[in-house]
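These are the structures, in structure tokens.
Shared between the two complexes below is chain A, which has chain B as its partner in the first and chain C in the second.
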Partner chain A sequence: MKAHAIAPALLAALASPAAWPQAAHDALQPAGPQAAHIASLWWLAVAICAVVFVAILAALAWALWRAPRAQASTPPEISPPPAAERRHARGVAIALGVCIVLLVVILVGSISTDRALASLPLQDAVHIDLTGHQWWWEATYDDPQPDRIFHTANELHVPVGRPVIVTLHSDDVIHSFWVPSLDGKKDLIPGRTAQIEFRADRPGDYRGQCAEYCGLQHAFMALDVIAMPPGEYAAWAEAQRRPAADPADPQARRGRDLFLSGTCMMCHAILGTTASARSAPDLTHVASRARIAAGRLANTPENLAAWIHDPQAIKPGANMPANLLAPDDLHAVVAYLETLR
Partner chain B sequence: MSAPRETLRDGDGPGSRAAETLAMTWRTPKGIVGWLSNIDHKSTGKRFIVTAFAFFLAAAFLAALMRTQLVVPDNHFVGPDLYNQLFTMHGTTMMFLFAVPMMQGMSLYFVPLMVGTRNTAFPRMSASAYWIYLVGGLTLYAGFLCNTGADAGWFAYVPLAGPQYGIGKRSDFWNVLVNFSEAMGLMVAVDLATVILKMRAPGMSLRRMPIFAWATLVTSIMIIFAMPTVMLGANLVQLDRMLGTHFFNPGAGGDVILWQHLFWFFGHPEVYFIFIPGLAFISSIIPTFARRPMFGHDAVVLSLISTGFLSFGLWVHHMFATNVPDVGKSFFTAMSLMIAIPTAVQIFCWIATLATGRIQWRPPLLYVLAFFFILVLGGLSGLLLGSVPIDLQVHDSYFVVAHLHYVLIGGAVFPLFGAFYYWFPKITGRMMDERIAKWTFWIMFIGFNVTFFPMHILGLHGMPRRIYTYAAQSGWGTLNLVATVGAFIMGWSVLLFVANVLAGLWRGKPAGENPWGAGTLEWSVPSPPPPYNFVRIPVVSSREPLWSREEGAPTHVSGLSAQTREGLVTTVIDALPDVRYGYPRPTIWPFFAALAVSLWLDWSIFSTQGFVWGLIPPAIAFIGWFWPREKATAEALALEKAP
Partner chain C sequence: MSSRFPSRARHRLRAHGAAWLCVALALVFAAGCERETRRFDPKPVPSDLRTQPQSLPDLQPGQPGPGMRETASAGRYDEKSAYEVAQGKMLFRWYNCSGCHAQGGGNMGPALMDTSWIYGSDPDSVFSTIMDGRPRGMPSFRGRIPEAQVWELVAYVRSMSGLIPNEAAPNRDEGLGGAPPESMRKPQPPKDSDAKVGG
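Entry: the complex of A and B
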């Protein structure tokens, strides 16, 4: 019965365009200084390239227009007049000189943009440790006080106007961090640590997605970066640090007990309960996130139920197994997860 | 055994007794055994061309499946597992089984004709290379049809292709394919480089050598330097997978970035040994259709050589997003921009050639002109990718998919189709239909741009490569739909081309020796050329021997034996006659050796034991191949003594 009940709900969720808000992911509409530096270099280089492209096509058109027509039987011109050849050689040399100058312009622009990217002021930065997994993102917000460290997954919240330093690790294969509106990409490489710094200057939802091919569900390894005013960010971080509250509602309490006595807790953690495994996303505040399954679905009770019931139908190859719960149990677990705001 | 009492010498023209004897001496063996023993460079070349084209069609079909999957968001036409195999097989086929063997096949066919010799230097080796290539390609596809298609991308990054994450035998098939195709590439490269350096017709000094031969020489030497690194890399991965070594296991002191260096040190020159032959097709076609010698011939040759060198200094631009040191990245940016200079030199020289020539508007020229639009656009987007900051945005996005197709299709495939139209009459003796050729061109040109131009924009809008589907909310739907429509338009043009080839073979107009009025030596022999290529080995006194020659210079050499397969070895720089050379005769052993090597490689996919015991059949085959034969030795000795 449950499969029949869930499938239409799932389809409805997938089909509805308003399932989640349109997030920005455009390299040419930067929302921070890093992406802005790159975008201005882009426009400079594209302008140069466009001029060169048009000039070469124009020269070709001129050449074809000016040359007379011939046949296979037309005798070849073995030794063209030397004066004309010299004139054309001069033309070629001048064109080449112009090209070299333009290449140097691009090179200088590129290196100075490199320097600009490397000199983002980093005082008062937010430090995030980001680990790539097949196929989700584990985020740890660092803090000098160990009890203020907290975990979340697939959704980063950052304060507007403050730099963010993300330290990148991978737990399995190579992934790549890429949020086009904020910065270029950086790979997450097993056995190595990399770092990327950016700053968001406008509040908004910026969508990112793993850019390095990482296996079956490379297509659905999304990362949302939500930039919010500093006050809101502080409130959000404070809420994320709190352990999960005990649910008051009996159905949710039953869901919690199912969660903690079943297989869920073998991979997931919920702060404030005995569930503390780290091989799957931290669910302490899962209901506060906009999407589930690394951006695959909007976070609605129906989608959550469909996902728990049969993740393989939604994201084939994902490491979460199917959960053959009775409908009441499934709804109880969903009710519990919905309390984790 | 004594030598023939009286040796018949060549030197008389067609119809003479010498010519008849040459035809007997060089005739292709008959029957199925004869077919398998054939070592004529033209047969080997044709086999490469036809087989590589078949793989091109297969890979194009896989691309059509991918475009169908991406036509709408959240499509369920194929699942992620099959999709990952599709793009891996598409890339692997196009790079290893289409582009390199196709270019080498064209060179095998035409280089000996262009430099004026009767066969390649090591024709048995090239014949054997063909069979190795064929079995290697079929092995990869056999795996794919059994749901064991490689699925880690054509770049096969570890750890995804390594023992822990590369499931089943999929990556083993890929690694072994690398051995097959690189063995093939190296064997043919050595053969071609030797022909070009040592077997040119007397008088064809390096300065008179056709640009096509120059390009083949440059690519052959690049292959010899670049291919061993990827073979080494693939075998290290295979050791990790089959023997439990830890070259790429960070947990045991290995490094996953090591693979990227090994792969791209090969992978970037790879692009150029597809692209340089494309440039050479253009430099062969433009002078013929502009009715004048190449403007700036020396500059063009030097550009090819410097492209070859520079291409070894670019590989890190595929790795800008990894944490390699920033200072090093700037060096690779500079190199990536610098390699545009030799290409610019060639483009300007071509424009100057056209501007000062008289133009014959025929289909091959049309395909070459497409290069100016497509490759220039692809080259310019390559400059953008060479800049570290811009690359960090567009790397691994659809922008790169657009760029690489603009470069490889514009730089190699369009010139290749031009080359097909240009040399089809030489290979078959018949002309292709020019009206259909023009239609094919316009459909292909439009289809190509409709397919790939939108991908630039998709990349800037954040669409990563190698994703099997995307959500509707991403906003990528419209442009993907456009790209898919373009892909099908392009598909039609390829089918039209195939139809035109078949029609040309069936009832094309007879071509004659030189239908385009070209100036290089391949056009001086009948179409199709006889097995011995030249009745008389020509003597060359200019760059376009059919257009001009020095007053009083001899036209040919005479005195080579017509009764045995004899040729002339000349000096490297000036092509002065040096020694006479006995070409090998046809034999079945190269075929057996190729099968034995293939058996060994295929066995090594499945067992490490196979890697050891599988060496026995190749050992037997090579002993058979190189076993001294009394009769042949005696003949060679006798010839050596003859005046």
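Entry: the complex of A and C
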């Protein structure tokens, strides 16, 4: 393909939203008011920069075209600057004035965007406590009634149209919460508490990503934010609060016993069993999640088995150790985890 | 003194001194190169999840018990690796060792930062203490913690009383801590108990 044929194709690909591989990870398609404020500031800056860029290129082209051509026989230019030079000085002064005005416009736009971000109405908000770990997200849905608090990992479900207040902590190093379709970034600093507020106005699956380099598997520290209609959200939250049911299938029962008598329960929690450690993701409803290992793998039984067997082959450096289970034991554990819907 | 060393010779002497200093510094820095090497494919150790801890009655304080078969050289014990020791420090809290031993000062369980070792201070003994448990409260973690992680815990437990090279021992904590960091502790010469001392 020739270059002149590639350029329109590339432009078309960039312009059409359907061509983005991850439509839900896009600051230019805001799904809520916070992201919309940021996107409009971005478009303002891009428009101003584009106009200035074109104007500078035009001035440069004009100067090149108008430049006096000297020949070998031309005498050296030693006369005082002619009147035309002073006219140019006036043009430069005007351009400088325009630059200052445009920079002030961007400054005012930036400040008013900050004010708009801080003034999201927060009545009836959902409170979520989010802790960054190397390399996964731990979410605690807060509730004034302590027995209604529940935990999940790597996946936030939020109701459409209701504000969400996320309180951010870090367990180890600096991470950053970034869901571009919903809001800007906010850093998670160890030992400090940060807060970010957003609202999703369209149902959908929005991808979040740790945006501060946090070690080997930083690239594989993703977070799914799923915005759902309020009724569906309430049903989801109610299901998440329920403890895990006892499996009926004998293979799954054996898997549960293996889980509880081995290394798994030293770090993971499953509500309704004796496993209650909080060093690793809560698995009470692990089968209801779309992905495992912080977005690294789709949550299929095969991937789950591969992950349990040797996490170091999939995310080298992660804190989950390899498990040399016999094949039927491994299948039993996977069968049990698949019952945790 | 300037009469005894002509200025050229003195200058050469100084240049030689600087060169030797550079070489010495390079050697010192090179020694730290391997300090944080990480191995991502630790030899997984097959462990049967249903293994029961070894029976306790034939265990006597100060005497090698039936669990003392594993040796540090056969496992992946490396107390010169700052990474392994730091992982051990993290696991010490994850697995709630601190629930009984506190931060090394001891509480329900004995102190780990002093000179007395009821069941031996060498890595193999500490390993089997964790794996098999000990009478009067120390639970057995066999089948609960992968062996590679137990070796990391062993390295950290030994660092608490300054028994490992201090360039690998953990440095200052993020939060407030009572004791000086493990890398700053004076080595406590271990006094391994004999069979008479047991509790």
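Operating definition for what follows: the second predicted complex is superposed on the first by the 305 of 341 C-alpha atoms of A that agree within 3 Å, B and C clash if a C-alpha of one lies under 4 Å from a C-alpha of the other, contacts with A are read in each partner's own complex, and residues count from 1 in each chain.
In the analysis below, contacts are C-beta pairs under 8 Å (C-beta built on N, C-alpha and C of every residue); 3 or more make two chains touch, one makes a residue touch a chain.
Everything numeric in this text was worked out from a predicted model, so none of it was measured.
Enquirer: Between chain B and chain C, positioned on chain A by superposition, is the outcome a clash or a fit?
Expert: After superposition on chain A, which the two structures share, chain B runs into chain C.
Enquirer: Using the superposition on chain A described above, determine whether A:Leu60 touches chain B (first), chain C (second), both, or neither.
Expert: First partner only, chain B.
Enquirer: Look at A:Asp26 in the shared chain and tell me whether it touches chain B only, chain C only, both, or neither; answer first, second, both or neither.
Expert: The answer is first: A:Asp26 touches chain B but not chain C.
Enquirer: Taking the superposition as given, does A:Pro190 touch the first partner, chain B, the second, chain C, both, or neither?
Expert: both
Enquirer: Between chain B (first) and chain C (second), which, if any, makes contact with A:Arg242: first, second, both or neither?
Expert: neither
Enquirer: In the superposed model, which partner reaches more residues of chain A, chain B or chain C?
Expert: Higher number of touched chain A residues: B.
Enquirer: Based on the superposed arrangement, let me know which partner A:Ser261 touches: chain B (first), chain C (second), both, or neither?
Expert: In the superposition, A:Ser261 touches chain C alone.
Enquirer: Identify the partner contact of A:Glu77: answer first if only chain B is touched, second if only chain C is, both if each is, neither if none is.
Expert: first
Enquirer: Looking at A:Pro316 after the superposition, I want to know if it touches chain B, chain C, both of them or none. Which is it: first, second, both, neither?
Expert: A:Pro316 contacts both chain B and chain C.
Enquirer: Kindly classify A:Pro180 by the partners it touches after superposition: chain B alone (first), chain C alone (second), both, or neither?
Expert: First partner only, chain B.
Enquirer: Let me check the overlay on chain A: which residues of chain A are in contact with chain B and also with chain C?
Expert: 190-191, 316-317.
Enquirer: Considering the complex alone, what residue numbers of chain A touch chain C?
Expert: Against chain C, chain A makes touches at 190-191, 258, 261-263, 266-267, 277, 279, 310, 312-313, 316-317, 319, 321-325, 329.
Enquirer: Along chain C, where are the residues that touch chain A in the complex?
Expert: Listed in rising order, the residues are 38, 40-42, 44-47, 49-50, 90, 94-95, 143-146, 148-149, 174-175.
Enquirer: Give every residue of chain A touching chain B within the complex, in rising order.
Expert: Counting only chain A, the residues touching chain B are 14, 17, 19-20, 22, 25-28, 35, 37-38, 41-42, 45-46, 49, 52-53, 56-57, 59-60, 62-64, 66-78, 80, 84-85, 88-89, 91-92, 95-96, 99-100, 103, 106-107, 109-111, 113-114, 117-118, 134, 172-174, 176, 178, 180, 183-187, 189-195, 207-219, 295-296, 316-317.
Enquirer: Tell me, which parts of chain B touch chain A in their complex?
Expert: 74, 79-81, 84, 152-153, 157, 159-160, 164-165, 250-251, 254-257, 290-293, 295-296, 299, 321-323, 326, 329-330, 333-334, 337-338, 340-341, 344-345, 347-349, 351-352, 354-361, 369, 372-373, 376-377, 380-381, 383-384, 387-397, 460-462, 464-475, 514-517, 519, 544, 547-548
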